[in-house]
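Structures follow.
In the two complexes that follow, chain A is the common piece, with chain B as its partner first and chain C second.
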Partner chain A sequence: MRFEINKDKLLYHLIVAQKAMSTKTPNPALQGMRLDVLEDHLVITTSNADISIQIKLEDQSLAIESTGSMLIPGKYFIDIIRKLDGQTVTLTQGDDTLLRIEADHSDITLNLLEIEDYPNLVFTEKEHFVKINVRTLKTLIRQTAFATSSIENRPILTGVHVKIDGNRLAAVATDSYRLSQKAIELESDYEPMQAIIPGKSLEELIKILEHNQDHVEVHFDQSRVLFKYRNILFLSRLLEGNYPETSKLIPSDFPVRIKFNKESLLTAIERASLLSNRDSSNAVVKLALRSDDTVEITSNAPEIGRVLEEVYPVDEVEGSPIKIAFSSRYFLEALKVFASSEVTISFTGEVRPFIMTGEYDEDMLQLILPVKTD
Partner chain B sequence: MKMGKIRQLDESLANMIAAGEVVENMASVIKELLENALDAGAKNIDIHVANYGLKEIRVEDDGEGMDSEDLQLAFKRHATSKIRAHHDLHHIVTLGFRGEALPSIASVSALTIESSTGTTEGRRMTLKNGKVIEDRPAPPRRGTTILVKDLFYNTPARLKHLRSEQREFAAMVETVQHAALSHSAVRFSMQHNGQSVLNTTGRGDVLQVLHAIYDKHTVQHMRHFSGKNAYFSIEGYAGLPTLTRSTRKHITLVCNQRPIRNVAVSSTILDAYKSYLPIQKFPVVHLEIKTDPLLIDVNIHPQKQEIKLSEITSLKQLMLETFATMFKHEQLIPDVRKSPEPRFSHPKLSYQATSPHEAMPHVVEENDASNTQHDERASTDLNVEPSPKRRIRLPDFEYVGQALGTYLIFQNDEGLHLIDQHAAAERIRYEAYLQAMSRPSPTIRMLLLPLPISLGADEREAFRGQAASHLKHFGITIVEEDGQLALQEVPYWFPEGQEEHYTDQVMAAIQEGLTPDKATLLDKLAIDLACKHSIKANHHLTRSEIDRLMHDLDQTHNPFTCPHGRPVIIRLSIQELERFFKRVM
Partner chain C sequence: MFETLVMMQPAVVKMLKNSHLKDRLSHAYIFEGDSGTGTFEAALYLAARLLCEADEDRPCGVCSNCRRVMNTTHPNVHIIRPARRQIVKEDIRLLQEDFNKTALENGAKIYIIEDAHTMNAHASNALLKFLEEPHPNLYGVLLARDAGALLETLRSRSQTLHFTSMPRQLIEKGLVDGGYPAEQARLAASMTHTLAHAEALLNEPNLTGLLDLLNHLHEAMIKGKSLVTTFHRIHNTAIEGTDDYERLLDLMIRYQKDLIYGKMDHYGQCVFVEDGETQARIVAMKSERMLLEELDMMLELKAKLKHYINERLAFDNLLLALERRMDLEETSGRHPL
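Let's turn to the complex of A and B:
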């Protein structure tokens, strides 16, 4: 096996493939990167327990002399390619166990991994798939995946629940302390279906997607989902089980509504959360609507000090004075995903969940559970 | 003809029997003699011991002495100058009072006593087996000298039961030390076979006495404390938690100038050190209690060391508060080098009573001991109350690296600091948990989707009973839906993902005894949780994790020991390093 290719082209794709490479795994084969050299293109494959990536690499700089397959120690390979000088790199499989990397004045030999140990991965494309605009999908993920649980005690909550009905796709994520929900309109109608995609997989996927008007094909299987984006196949396992019915948990009647300038609310709460002596991202912050319709944001850490911020709502306030306490982290994380510059917070009661919505964030809501103090 | 079987013992026999209680070993002889000397108002006491006291014990004082008549009476049992009537027993201010000592000692040894009031001619008597065998005038030197020879020569059984000579001797030395500590204004000198064992200056400076008893290192690691309430005033010196001993013998208690033993008091001291000291390690503490004699009962044992205290709760409270204040203001890193300046700046100085938060009095060259101490007190005494929230801070240092996956290495201009990452994490969590748990109304996190938990049948039962309200107290609310129990609300401080596990622990702690003492429950729970969920040894930390750890550690009240009392930080000073490498000798 021997070929040469533009170094930057190769590196770009290796970095994409790296997203699915394991660094910590008892199986050394999974630390490898599978490289298949075919007649006119390369196939790069990586995999870890949750996701697998397969890239079909065709390029005019690619000149294949002979074909073959090998399993390359991924981390060393990427680090070496990254540091090479020169435009072009030539890769040669010396015998079954060695890879020779030549570029400019460098001549490097890497010991290969045993390719027989590599799992047999199947990236099956389905006949029926869902087509989503890249930018829309990116936004959807960004606005929901952060609210998944990072804790494995309820595995189902580590995923984003995706539900398709007709031309509507709704995504929900919750770790049971907050909930995020976003719906998008699809370009055509689909059979009803649902799946739970691990939040972590989506966080990796989003790094691969560019911000453009391309489309992503989403192929759902019984236990897996395949995202096809340009020459990249991104495969994730699905979570099994029943996602809890969340719609009835979202209140619909809001006696108090306050519209804020997102930026000023954000900075006020960020300042208020500075005074937590344990974890500044997890401070308890209190919000109080005063009778004069100004809003007071406070936090109090007896050993450090206290913060009082006044925030003036935009527009008229609906409802009567209310006082509510919450974790600053959940609040800030939710607030940050809004594209709107003005955000409305709607309250049901002092110890009832409250929600955030924004005019330019259609079909999106962020729900947060307050904390009880005193 | 039959004789009655019961008869009055002759006096010498009665004395020997009494001696069984009062004079059980050499240490008790010394103790009785010292008490007599101190009660006589001696300012100088010289003790000479030969052959571990078996051969000879001589105690020489410059007290008020006895005239001939008194001396004669001194050997009658229950003859005492110290109590005249019944009610005096409730106001005992002298050390001895039972009038048993001299006759008892005389009955089991050859005893020579020479005494004079200094104004008239003195008298010298020698007794053997309780009988006077010599009686003659002596020079009019004020004071009393008692020479005890051949102790226990006539009670072989007792002689046999003595412990090894070394241990008997150690007990004697300890007795003299306690006397010296309780009477720092009296000069004590003790010699054994002509070699000096203890020398105090008699300047009224307890620290100097401590210095004479322990080494310089020990005294450097002791801190002054004092406190007062309606019934008691306490004062003394307490070793930093790094100064540990494996017996509790180094806790000396003095009450109204009497060395005492009292389990309640010493266990209170240990309580105060709890969580600072490793298991089975004990501190060095000298505690003086001053109180109305009415509140103490010393007459519960012939040796007069066990005492009973009324209002003990109030004393305990005072002790715990005083110690806590002291620890709070102390630098608790092992192997601290003393800083020459006091750590707080003082807008105003005063010479009044010592404050509990004074810095370390410097030790102490023999000749300027009292001066030094005086200055120290002056310079560290605060007229302004320091903020009660003031924490002890970690010194500034820069991170060097992690060693063995377990120890973090830092350096500053004082040397190297090693931090045990597990111990540090434990301390942080322990304090955070304890603080969070102790709040009367906890901050509570609600769950949108109740978290199902699995409970055993007995726990379910308990939950349906009393446990539910206890849980509620912690901020835990459990709901039951279709026979499934689920967490609806948890305390805010429960780490995410650990809700069920922590609830389990709380349940277990509650079930273990439904203990009414919430503080103990909380403390135990905090220690358990902190230990289980803190980063362990052999765990690589990233730089940001380390920064975070140090930041959090700096926020704790006691960053220097883990809740089990093991040290978090140790220091290798530059001097030590230089000595290791023989850069200095």
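Let's turn to the complex of A and C:
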């Protein structure tokens, strides 16, 4: 196997592939980067078991002399390519166990890993796949994945539940204290299907998606989901099990509705969460609607001090005075994913979950469970 | 592939083979056997059987799956071993996280927990919870020296297979045939369970140093000198790492057993035969009850060494205790009641 290629082109794709490379896996084969040199293109494959990336690399600068496959120690390979001088790099597989990297005045040999040990990854594309606009998909993930659970007590909750019915795709994530759901309209109709995709996989996926009007193909399978974006295939395992029925958690009747300016509410809550005897990401903040329709945001940490913020609702308030306490982190995280500048918060009762909606955030809902205080 | 295992543990292999053929494999196994009895190899055998691509009645050993199982690089085979003497809850959590996702490759999923007896309480309970949930096509193998050290509830949910050790005489004969001196062969055979392990022990560069140290301690014991002082005067040459403390303790335990055999006039069972004179003198000094109590102290320390303790301090403690007992004995000897 021997070929030469423009160094920057190669590096660019290696960095994308690196996102799925494992640094701390017990399986040494996964620390490798698989490189397949075919007749007229390269295929770069990486995997950390949870997610796998495969890139098809075609380029004018690519000149292939002979084909072959090898498993390269990924971290060293990327570090070397990054530091090389010169425009072009030549890679040669010396024998079964050595890779020779030549560029400018450098001549480097790297011991290869055993390619037989590499997992047999299946990147097959399906005949029927779902097409989603890149920007829409990125927004969908950003608005839901954050609400997945990071504790593994109920592993199923570490995933985002994606459900397709007709031309509607609905995504739900919850850690059982808060919930986020968002639905989008697809360009055509599809067979009903559903999958629970690990939140961490989706967070890695959005890193490789650019912000443009391209499309991502989503290929669902019983046991995996494959995203195809340009020349990149992104494969993720799924979570096994039944996702809990979440629709019943959402109250339908809201006696109190308050509309806020998103920014002023955000900064008020941020200030209130500064004084906290727990770590600031876990601060409990209280919200009270006074009879004069002003909203008071308070937090109290006896040994540090107390904060009182007054926030004025933007519209007329519906409902009677109410007092509610919640985790400032959950509240802020939910608030930040809104695109609307005005956000409506609807309350059912002081110990019942409340929801946030926004005029320009169609089909999105954020739900938070209040905290009991004395 | 697996020839040694089939030779060493024919019963276990047959049992696994038949269960697999009849589709009656248990979802959790405990492979109980001393190190070197082939428990790990048997776990790999089971994994290879389940994943082998060839349709034969034994793992083919040449397909990609078999080879990756043997190299322990197959993504469907999850191996847990104690990172630092203990298996902790985090290890089980990672396992759980992995198996709650769909498999990277098709086929059965297998987890192997080496030294399962080192699981702490949190880890055991987490594993128990995991075992209680149904996971189709998922198989677990716990390897333990002593199944009794595992939670009762874990044992009741698993099938225990016992791995027999190689008879001691066979190991000893093998070593002597291999050109090792008879005395050493006897010692190594009494402390290990396979020929390979016995050979490894004898090839241990530190063994002579440790045996010397043991001799010095016994001399000190006879002359009524302080064991702790003797130990600290010469231990630097023999004790290099924390493992050496455990090895020295193993030797002490073995020697103590000799003393007890000596007390009972079962000299034939003794291992340190060249050391007969010293042994006879120590045996004359101590009562049977004392010897047994000392053995108890040593075994207790051995159990403790599995946990995070300061080996050096613990050892000093043992020697001090042994030393104090010698004093007591002398006093009581001088003033018979």
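Keep in mind that, in the parts below, the second predicted complex is superposed on the first by the 373 of 374 C-alpha atoms of A that agree within 3 Å, B and C clash if a C-alpha of one lies under 4 Å from a C-alpha of the other, contacts with A are read in each partner's own complex, and residues count from 1 in each chain.
Quick note on the criterion: a contact is a pair of C-beta atoms (placed from the backbone, for glycine too) under 8 Å apart; a residue touches a chain by one contact, two chains touch by 3 or more.
Source: prediction; values computed, not measured.
When both complexes are superposed on chain A, chain B and chain C end up sitting side by side without clashing. Applying the stated contact rule after C-alpha superposition, one finds that A:P198 touches chain C and leaves chain B untouched. Looking at the shared chain after the overlay, A:E127 reaches neither chain B nor chain C. By the document's definition of touching, neither partner reaches A:D40: not chain B, not chain C. With both structures placed on the common chain, the touch criterion links A:T174 to chain B but leaves chain C unconnected.
Of the two partner chains, chain B is the only one touched by A:V371; chain C is not.
Seen from the CA centre of chain A, the centres of chain B and chain C span an angle of about 50°, rounded to a multiple of 10. Using the contact criterion defined above for the overlaid structures, shared-chain residue A:V351 touches chain B, although it does not reach chain C. Once chain A of one complex is fitted onto chain A of the other, the partner contacts of A:D95 are absent, as it touches neither chain B nor chain C. Nearest C-alpha atoms belonging to chain B and chain C sit 8 Å apart in the superposition, given in whole angstrom.
On chain A, the surface touched by chain B in one complex and the surface touched by chain C in the other have residues 152 in common. Those residues of chain B whose C-beta lies close enough to touch chain A in the complex are 389, 391, 432, 441, 443-449, 451, 489, 492, 496-497, 499-500, 552, 555. Residues 26-30, 47, 49-50, 52, 114, 116-117, 119-122, 152, 155-156, 158, 198, 222-224, 237-241 of chain A are the ones touching chain C in the complex. Taken together, the chain C residues at the contact with chain A in this complex read 64, 67-68, 71, 73-75, 79, 93, 96-98, 100-106. Considering their complex, residues 149-154, 157, 174-179, 244, 246, 249, 277-278, 284, 302-303, 325, 327, 351, 353, 367, 369-374 of chain A touch chain B.
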